[in-house]
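In the two assemblies presented below, subunit A is common to both, partnered first by subunit B and then by subunit C.
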Partner chain A sequence: MLKGSVGLIALSALFLSGAAMAQEKIKVGVTATLEGTYTVLGEDGIRGHQTALNVLGKKIGDKELEFVIASTDATPDSAVRAVRKLIEQDKVQILLSPLSGDEGIAVKNFAKTHPELTFINAASGAQETTYVDPAPNFFRYNMDGAQWQVGLGKYAYDEKKYRKIATVGEDYSFIYTQVFGLVLEFCGMGGQVTNRQWVPLGTKDFASVIAALPDDVDAIYLGLGGADAVNFLNQYQQAGGKAHLMGGSIMIDQTILSSKGNAKNALIGTIAASGQADTWEDPGWQKFVKAYQDAFPPNKRFPSPSLLATNYYGSTMALILGLRAVNGDLSNNQSKFKEALAKLEIDAPNGKIKLDSNRQAIGTNFVTEVVDDGKGALFSKVVKVIPNVNQTLGYDPAVFAKIGLPSRTVPECKKY
Partner chain B sequence: MTRFVERHPVWALIAIIALAILLWLIFAVWPPGLEEAIGRKRVFLNAVFNGITLGGLYFLVASGFTLIFGLMRNVNLAHGSLYLFGGYIGYAISASTGSWILSFIIAFILTALVGVLLQVIVFRRMEGQDLRQTMVTIGLSIVFADLMLWACGGDFYQIQTPSWLIGPIDLPLITAIKSSGEPVYLRYPLVRLVIFLASVVIGVAMWLALNRTRIGMIVRAGVDDRDILAATGVRIQLVFVLVFALGAGLAGIAGVVGGTFQSLSPGEDIRFLLASLVVVIVGGMGSIPGAALGALIIGLAEQLGSVYIPTYAIVVTFLIMVLVLAVRPQGLLARR
Partner chain C sequence: MSVTHDARVQLLPAATAQRPAIRTWPEIDNPAAWIVAVILLIMPLIANGFFLIEIFATTMILGTIALSLMLLAGYAGMVSLMQLTIAGFAAYMVAVFGTSDNANISLGWPWWLAVPMALVLATLFGTLGGALAVRTEGIYTIMITLAIGAAFYYFTNQNWAIFNGHTGINNVATPRFWGVNWRADIPFYYVVLGTAALCYFAVQYISRAPFGLALQGVRDNPRRMAALGFNVNAHRIAAYAVASFIAALAGVLQVWNYRQISPGSVSVGACIDILIIAIVGGITRPIGPYIGALIFVLLRTFALDFLVEIGLDGNRFRLIIGLGFLAIVFWSSDGVIGLWQRWRNGVNESKRPATPRPGGGHGHG
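Coming up: the complex of A and B.
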């Protein structure tokens, strides 16, 4: 508790300064993983959030937005604790939360106990959050982990000619969802996923996991993030690993690609899929990258925004545009605001986003390949852009429902 | 050893058979039937080696912990903080000077200094009050954790492995025979072997220092009965300070080791405190050979568990602890 509050005070001080005018305020609570394995992800998420405030401003008509930030550590109980604190102590009216998959499921369930408030998902991507028993006041403007893998299985099969792959992933809902998306598509093409290894979030010693990687496969898919991914790569290098790699959305991301040391070079040439691609030439994306770069000195940010920065930017954007559409009117249990959010279509940096009937994003996905820019910095280069990806991944909803919920063993490797 | 065999012939037989099976598993080329049943030999050998090297790291942390407890009856729950502090120092030194070896030396000196300060300023004032000391160390560990979070942030740090240690080497252990009849040797990360060797050297040096030197004799006498030792005219406070400094310094070195082959971040202090608690409970509070055995058992259990029963890997270490507490509550190698 104490640990969290230090970072919290420092961060909230940043936001509270300069807003001392006696003016009607709308209080918004934000959570990010500023502790534990996903610290770096949380920090960049907050950078994306700040970038959005720089670009869009904090004024809603004659009201002003005020933000309170709370820290979590990617566990569901830490997220619920932070959200409860924001609501009960800080009296926030709207929440921008949370960052990580398991947190998302917990916060969605918690949202049902506060139907009068509005929850905008910040970045979490577990399928279950909006697919199973969604909360009417929980809105998600980013795609889920499975949507973020669309295109990867096909590209690996058709272009890279991979036929047999194995996966290593962190043992929790978001990575289940990512592997779900990959396996559905890759096995649907006729590929085989021979082995799925799951490691606890926060694993430090990957040596035995690395030793257990099968060597009769064409590629190994890595669904790791934050400190876990860096630890894995470091120990993979020490063990002299040489396999072809494929990456999940938080594995092939600036949070890992710009980590210190040279272990990350194992990722050059790795194919991946995500809700963004660092080198996309779209003017909206380039404008966002510029805004991000201008907002922070080079040693306090990544060379290019991470997926988390992009998601926090998108969710903050939805929050502000939604509030402006109703001119900050939060009366009658925020019903007008919620209606506006459900109808809202945002022009996010990573493509147009609209919501389906579960208030889940339909958006654009990117297949990428990691390249070296010649100066030692790694970026994800666009290989393919796939617009209009929905939560059922283009499957008929009835067929999709039969596949089951993402887990360690679901889906089976077959054509559905 | 012979006494143990005479008193427990059945247990001795079981231990010898288990050892023989283990040696056979390590050195023999596995028949195909066995490979099908429990997976490839490479995986098994790697898990065993990883368990042993991880045990080396646990031993570094736990030996200081157990030494301090043995002599001063002080359960220093801030030991994990000393580990993390040493790691951060090591990172700062290796990042600024580029020297890995130097980072060990400075981390040892600085954490030892913190240990001295702790002993002189805090623990000397409440000597003999075990519970009070324990509570104070819990408080200190929280304060240290916050101070380090303030200074270093929530980010994770990794100490760069020197270039001459990067990459694997071939060990003369055959993992499989190719169809052409050519043997495949076990490839293993060099850095882990070096770190393991270093912890063995430190362990042996500590054993020698305790059993073959005058100061070691004094420390052992202090473990047995410190009041009588003080009455004989030994400057016991000085011995306490030295032992505390050594124990803390070892935790600092362990921090650099941990930062090199794993990583450093807030929360690691608690993880290593817990690990060393489990290690000394299994091995026996206050016993250096016990810490070595406990560290080996816990390291092997974690790594073999993560390969063969990944879902329940976390439980295995605690099951071992429960088992030991039930059967031999004083620890495996504790003295009566």
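Coming up: the complex of A and C.
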């Protein structure tokens, strides 16, 4: 015990001296889900982050950015633990975190205990994060789950003539937010959502869920992601499922569309909505796709960047542009930097993004349809582009507040 | 109670019986223990906030939960996988009865009401679980306690009325009184240290008290103990009650530490982590769980950095953690404590006349 303790003290002294060394570097902590159900999503997020560094460089005037990456597993606890490690041990000044919905809510709350630091959301999309009691030092340059569903309900009702749908989703805040966006629009048009099933994050056996899917609906909406989505598709195919499908933003995404096996073929023709579309013609998007493809060998990346790569690219871009606007000046509790961030308008690959008064993104949304490129690879094809989507989805803020916060049963299926 | 007195006399070797001070508190006569105690007390002077809280306080919190398992497994022969669940239950109760951001769930009681309530409920919960588990033995006890842990995890994950589902309960209020913010790094460190020390000495005491000796008798030969007139099941349930209280204390500290609680903290994986901590440290003595927790926390925190440092893919950091535990369990079936014991015996063999008791252990880093 004695020698061990002495060793520990030596170790801690080592870390203390390391932290005390002054240097002209700006330290940024990044978290991603490199463990658990959302591992693939986290890995591609990091690829998006690295693509942004390749394109924009790490120099801020005469300072250089230094990044420290920490791993989480999509649970709020792991996110808070990782962020605390980055702040307290690695002494980062800025956080690029986190990836997943509930992590976002926890990190936003944690951000309030460190008002001197700046938190830039990496990719998480729960509505509550910036809508309820937002933290003044938490900035989100991606839209939330409900914004990412704008256009889907209308397209399903008008073009596909779906009248009754059922949903299957993971049982946590981001998917609630997605279903919130979908139900609001679809039921507003006059459609019906007859059944909402919720499965725990990390579910492996979907047999009972598949058996309970109703037959008398026009389509089934899937709000799943990562390993859960792949497991569902495999079991759905084996069970002989043939229903029309609709997809959430991380369901119809390269993380699923480039998975191995042929279960994903069930998704061909599926309509979805997201903050991006793989085959968008926009030159800015095409440039980003090329930068992503050039940065990694084909077997170490997806054929086209996933939503997570795009979000991490956008948030890293905001970080770098914000820092350049103030020439790396982080004095006075980073107040200049925070001001610059709040005003920043970025030309992200997936359209222009600016922030509202809650520091939440207003951006462009895409309704897509899954197509086969003829060589066996699946992509999402744009069918509709909707610019300037704000957090209240175009509703009057007072009306929007009355709907309530996204949950298993909110919103009700009616016109608000 | 004369029976237990007889048992104690039989259990104590003649050599130690000559030194009564050691029989009650072996630490008093051990310079290494004093040095460790002093180092722990002056730790805030040595370590910064990160090491103080994320490493040492976390070690002591996890160690205390593992200590409750050590009490059950080491002295009563019952491996319970629900100790973390009990701690998590206490943590949730603090969040539910106390104050948090989820105003529709939290009742907003002051901490001095919420904490005792949480401790009582968690102890009750653990005792009831124990009452179920004592009807089984060996692997079946593991199964039933694991089932309780898994059921609680899935319940918290899906229950929104009390446990707020996957999101959990955020911004749980921490105590402030006498002008001190008890969650600030240094006061909190001492709160954790105090609680851990209290639990450690309580378990140390129990192991020598008549109750603890009877428990060890029950572990070694329940039939003979029953024949001697002991109520075997009552002793076992009482052990669960004590262990539950210890785990609940750690649970309260855990929720204060992170200021939030969510199902990830009570997952089945986390339940098994506690078993790993106890096994790696060694379940023969109360210090074992704390050593195991230190190793666990260091590996969990630094494995990723270490891999990146030596130029490997950081994504494989779980591998290092697994290999580390595998190595310890492979070399020593009774954990780090066992390694130390063997090393000490080895040294004693070679230079017995010169040093009857070398100063301390080694090699648990």
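Heads up, the rule we're going with is that the second predicted complex is superposed on the first by the 393 of 416 C-alpha atoms of A that agree within 3 Å, B and C clash if a C-alpha of one lies under 4 Å from a C-alpha of the other, contacts with A are read in each partner's own complex, and residues count from 1 in each chain.
We take it that a residue touches a chain if its C-beta (ideal position, glycine included) is under 8 Å from a C-beta of that chain, and two chains touch if they have at least 3 such contacts.
Just so it is clear, the model here is predicted, and its values are computed rather than measured.
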- Query: After superposition on the shared chain, which partner residues are touched by A:207: those of subunit B (first), subunit C (second), both, or neither?
  - Reply: first
- Message: For A:260, using the defined touch cut-off, is the partner it touches subunit B, subunit C, both, or neither? Pick first, second, both or neither.
- Response: first
- subunit A contact check, subunit B vs subunit C, more residues touched by chain C
- Could you tell me if A:372 is touching subunit B, subunit C, both of them or neither one (first, second, both, neither)? neither
- What is the contact status of A:105 with respect to subunit B (first) and subunit C (second): first, second, both, or neither? second
- For A:227, decide between first (touching subunit B), second (touching subunit C), both and neither. first
- Item | Partner chain in contact with A:35 - subunit B first, subunit C second, else both or neither | both
- Message: Touch test for A:237: subunit B only (first), subunit C only (second), both, or neither?
- Response: first
- State whether A:76 touches subunit B only (first), subunit C only (second), both chains, or neither. second
- Item | Shared subunit A surface residues [contacts with subunit B and with subunit C] | 2-3, 7, 34-35, 43, 198, 200
- Enumerate the contact residues on subunit B facing subunit A in the complex. 39, 42-43, 45-47, 50, 53-54, 142, 145-146, 149-150, 153-156, 158, 160-161, 166-168, 187-192, 261-263, 265-267, 271, 302-304, 306-307, 310-311, 313-314
- In the complex formed with subunit C, which residues of subunit A make contact? 1-5, 7-9, 12-13, 15-16, 19, 34-35, 43, 69-71, 73, 75-78, 80-81, 84-85, 88-89, 102, 105-106, 109-110, 112-113, 133, 171-173, 198, 200-201, 407-408
- For subunit C, which residues count as touching subunit A in their complex? 32-33, 35-36, 39, 46-51, 53-55, 101, 154, 157-158, 160, 165-168, 170-171, 258-265, 267, 287, 291, 294, 301, 304, 314-315, 317-318, 340, 359-365
- Query: Contact residues on subunit A for subunit B in the complex?
  - Reply: 2-3, 6-7, 34-37, 39-40, 43, 197-200, 203-205, 207-212, 226-227, 230-231, 234-235, 237-240, 260-261
